[in-house]
Amino acid sequence: MRTDYRPNRRRAMLVAATMLTALGLGGGHAASAAEKPLVIARDFDFNSLDPARAWCDSCQIYLTNTYQTLVRLAADNHTLLPGLAQKWESNADQTQFTFHLDPQAVFSDGSPIEAKDVKWSWQRLHNIKGGPSFMMDGVKSIETPDAHTVVVNMDNPNSEFLGILTASYTGVVNSDVAMAHGANDHADADKTDTAEAWFLAHSAGSGPYVLADYKPDDEVRFKANPHYTATKVGISEVVMKNTKDAVAQAQMLENGSADVAMQIDPDTAKSLPADKVTTEIVPSFNFVYVALSPGAKANKVKLTKQVREAFADALDYKGIIQFTVGGAGKPQPAPIPNGFPGTANLPVPHQDLAKARELLKAAGHPDGFSIDALFPNMNVYGVDLSLLMQKVQQDVARVGIKVNLQPVEFSVWRSHISGDGIPLTAVFYAPDYYGSGQYVQYFAMSEGTAWWKRAGGKVDPSITNPAEGKLLQKALASPESAKDGVYHQIALDMINDKIIMPLVSPSLVLAYGKSITGVRYSACCNLPIDEISRK
Amino acid sequence: MAMASTNAPAWRRPSWLTLPVAAGGLIILAWIIVALTVPLWTPYDPVMMAGRRLMPPSAAHWLGTDALGRDVLARTLWGARFSLTIAAAVISAAVVIGALLGALAGFLGGIVDGAIMRFADVTLSFPPILLAMAVTASLGPGMQNAAVAMIIVWWPVYARLMRAQVLTIKQREHVEAAVACGAPPARVLSKHVLPLCWSPILVNATMDFGQVVLLAASLSFIGLGASPPTPEWGQMISEGANRFYQWWIAFGPGMAILSIVLGFNFLGDGVRDLMDPRTQ
Amino acid sequence: MKRFILRRLVAMPFLVLGIVTAAFLISHATQGDPLISVLGDRQMDNPEVVAAAKARWGLDRPLPEQYLVYVRNLLTGDLGISIRTKQPVTRDLLVRLPATLELVIAAMIVGSGIGIALGVLAARFRDRPFDHFSRLFALIGSSLPVFWSGLILLFIFSVKVHWIPGPGRLDARTTPPDFVTGFYTVDSLIAGDFGKFLDALHHLALPALVLGWAVMGIISRMVRASMLDVLSQDYILAARARGAREARVLFHHALRNALIPTLTIIGFSFAYLITGAVLTETIFSWPGVGSYAVNAARNLDYPAIMGVTIVGGLAFLITNLITDIAYALADPRIDMK
């Protein structure tokens, strides 16, 4: 038992003082290694790292940098460049595609990339029945006449196929390594393949990086691929760090603990110090839209074409862009992103309150009506859907339409939209690959498309527009030069449907440290990391 | 023991009006008045746009404007209506349900006691916020569902309290006398037992008010409670969290929650001090 | 005493079953579909793909069968596979638990350390300004919404004055220390990396402070009350009469006896802290069980929701049991309110 306390107290205070000083001095704990790893701050939405199951924006970044595709998209987000395939041909009616692989290309373990790997990867992609499996829809057969030639036969003409192949989801997997760990490409792969767990810790591709470590909800670590055949990467170690919101990402950029952040909204970006962080605002191919579903059970009023037009006319398009993204966004007339085939010179929508009131009166609702709006309570691409819907609510209130807002979780929204339908909703879309066909297949009011079903095409045949379906077939069978014109026609029709109303294509804020260069946004691949380096 | 010197005050302060009780009571009273009267005197509508968006505090907007251009101070004051109403609803329902079940359990004993207490125990075994999250996630967001979740979380507290009280009172002489005289159980319960059990429950309920306000705000903050454009405090702080550099958006509702919960805590603290025999 | 403990222990398995059943019912009563996170929006329209996914996750079997399968697996320690992370839930929790424990224990240390000091001094200087100040400070701590105080302090200390680093447990570039306990502070000391230790401590400081402030109030009040009680005892008077130094009187004689009821409050606060951790983790991007729970609730990840609820409920049960036992032990000897 102690009898005198003074020495203890003094010692305690000394220790405390030391710790406080150390804390104060320990302000810069950055790695003192020769080359600092590149840190990318991002809000993780990984659902898997298995190339046949991964299906999310963060997954796109991961797959782009660990696997390679046969065809690449140039920096202009428009031109197709050789990838693993040095050259390719298609037959006249777009039903057969022949690819000639680069004989020098090797996987990350040094083994050569062969036609069998391409066939195996694509068959597995289809048979696993995961998120991206639809990309191999319509493929009748894949032949490998020799080790470096792949011939794909389609059921129907599909001029989009080359664009599809730029998507990182179609990357080529090292089939031997994957099979050794439980993967297979058989027709029942969805039941017999057991490799998903292995893929959570290993990548088996030929991309500029390999997966070093993955901690779910925390970080993904990449190491440079020693056998990468193209140009050497700028930075050999990369960390993607899970950072939930834009503000946290901005903070990390500001104090140097992150180098790149892609989800900062324009308002926050304005507060970043220009001497530490470079901010670039680039147009993106993502867009946010509202949709009216005449066939939804909860509709209190029949959503005829007149009513829908009135709704569309009441929206303050310019104001919406100002409110949601502080002006850093572009209007988008049709549900096909600006810059994709067919979108040149489309008529931009304007607010016309007088016309809206007129149309409502003609439709029998001079005092307006009320409508339920269920939507996911997410913040996507810088747009807070709650904020967006509140603005929409205020806009249409001016012509008497009372919107009843109900934000819900995305999964809940999903079961409503494919169940009873939702009268008014807001949601987003990002391109899966470079090509306009995907938008027509999703948004057009022809029988069988996703939104035709959701909007109630089965219940309310008046919304069906058979012309769009026929035009799509034409587009898929058209050569490159004629595609644009056909898609333009479809776009005009989709605008006229007044079911899907795109409100804003939010621009992307690329924010990165002053010493970083080479950051760019890609329509197919989100963020190619291999081009980034320190000055 | 040293005694602090006291100057006799100029007026006779009632013995129960200690500093914490007074402070707490004043704060709560102020908020209740605000909640009841705010529609009459705020210059700005809490839901509609009132000025340019994201403006810092100024003479026109004392707490600035939020991302949709709404006046933050007006929304903060209006928020009191929602928070106080929800808290009142949740506490009343939890007290009524809990006290009823607890009284039955304590009075009847046996299987009824066992069953009700098992239910209560299972509910109390969940960390409150996890249970509230799970229930709201499954029922869907919205203030009503959040209220239901909170009632589910809270009733066991009062059930236990009431049961303990009933068990004690049950053994008192006048109750045993009534039973011996052949009075029916319901009459014994309602006339002889229950009237003596209420005071600790009421004291606890008052003190729990603050905790309910906090839990409601927490649920809304996560996104499982109130939905926009309702000016609910937790929801507003969540919007403010996304707009860090515009600190005023979260400041108003945060201070509001702090002051109300502080008020209830003061009051509760003061009441507890008054009832503690040691400090008298 | 022994019968009391035995009775509680015997009731535990039934309570756990009750928790499991309640968790199962709640998570399956929901309106949403967890497969959206597996398949993505577009593929949800493809019935073949949806059927394959349902079969893979066992969601196509009738509800009672799913329940029985779950309970049977539970008995072997298998909590199922998280639909969101694709890892076994047990593994997810084990990986994340140290992060939450580190935060909670640090908050406990901060909260009780400052709380006890405040309580002792408040008792010593009873009714003087310090007493009132510490009472106010404590009350504010338990009235503050943790998610708001965290934001404000983060803003001031991280953005405005740059004293505190950004979110996360470590600087993003540093690799975490090798896993021994999962506590980055402890593990980096074990590995001998002092720089990493300071970095981890630096990141831990603010969240622990924010969370600890919440319990400082209860603890300091408890200590003050018991101290006041103890300080009026005869042996204190005797010690003072003997000429012992005030510090010795306070800490050696009084606090020791005042601590016993305080310990029960600390145990109770522990459970409360776990609740607060959920909100704190969200703000500070702390990859612990709390943020895992929020993500699970948002994505309707049934196995994860049930796993967290069951483990959380179990931990709660155990802490409550210990606290109740300690309370009962302390009861006959000390005059508790």
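Some observations on this one:
Order of writing sets the labels: A, B and C. Residues in every chain begin at 1.
Just so we're on the same page, contacts are C-beta pairs under 8 Å (C-beta built on N, C-alpha and C of every residue); 3 or more make two chains touch, one makes a residue touch a chain.
Here the structure is a predicted model, which is why all the values come from computation and not from measurement.
A count of C-beta contacts for the chain pairs B-C and A-B puts B-C on top. Placing every chain at the mean of its C-alpha atoms, the farthest one from subunit A is found to be B. If you average the Cα atoms of subunit A and of subunit C, the two centres end up 36 Å apart. Taking each chain's centre as the mean of its C-alpha atoms, subunit B lies 23 Å from subunit C.
In whole angstrom, the spacing between the mean C-alpha positions of subunit A and subunit B is 44.
Of all residues in subunit C, those that touch two or more other chains are 30-31, 159, 282, 298, 300.
Of all residues in subunit B, those touching 2 or more other chains are 137, 140, 223, 241, 244-245, listed in ascending order.
Looking at subunit A, residues 251, 408-409, 412 sit in touch with two or more other chains.
Subunit A contributes residues 245-247, 250-251, 265, 267-268, 271, 323, 377, 379, 384, 386-387, 389-391, 393-394, 405-409, 412 to its touches with subunit B in the complex. For subunit A in complex with subunit C, the touching residues are 5, 9, 22-24, 26-27, 29-31, 36-37, 39, 41, 47-48, 53, 55-56, 129-134, 190-191, 196-197, 200, 215-219, 221, 239, 241-244, 248, 251-252, 254-255, 257-258, 408-416, 418, 432, 442, 450, 453. Subunit C makes touch with subunit B in their complex at residues 11, 14-15, 18-19, 22-23, 26-31, 127-128, 135, 139-140, 142-149, 151-152, 155, 159, 221, 225, 228-229, 232, 271, 274-275, 278-279, 282-283, 293-294, 297-298, 300, 305, 308-309, 312-313, 316-317, 320, 335, 337.
Residue ranges on subunit B touching subunit C, taken from their complex, read 1, 4, 118, 121-131, 133-135, 137-140, 210, 214, 217-218, 221-224, 234, 237, 240-241, 244-245, 247, 250-251, 253-254, 257-258, 261-262, 265-266, 269, 272, 276, 278-279. Residue ranges of subunit C in contact with subunit A, taken from their complex: 30-34, 36-46, 48-49, 52-53, 55-56, 84-87, 92, 95-96, 158-159, 162-163, 165-168, 171-175, 195-196, 198-199, 201-202, 205, 245, 247-248, 251-252, 282, 285, 287, 291-292, 295, 298-300.
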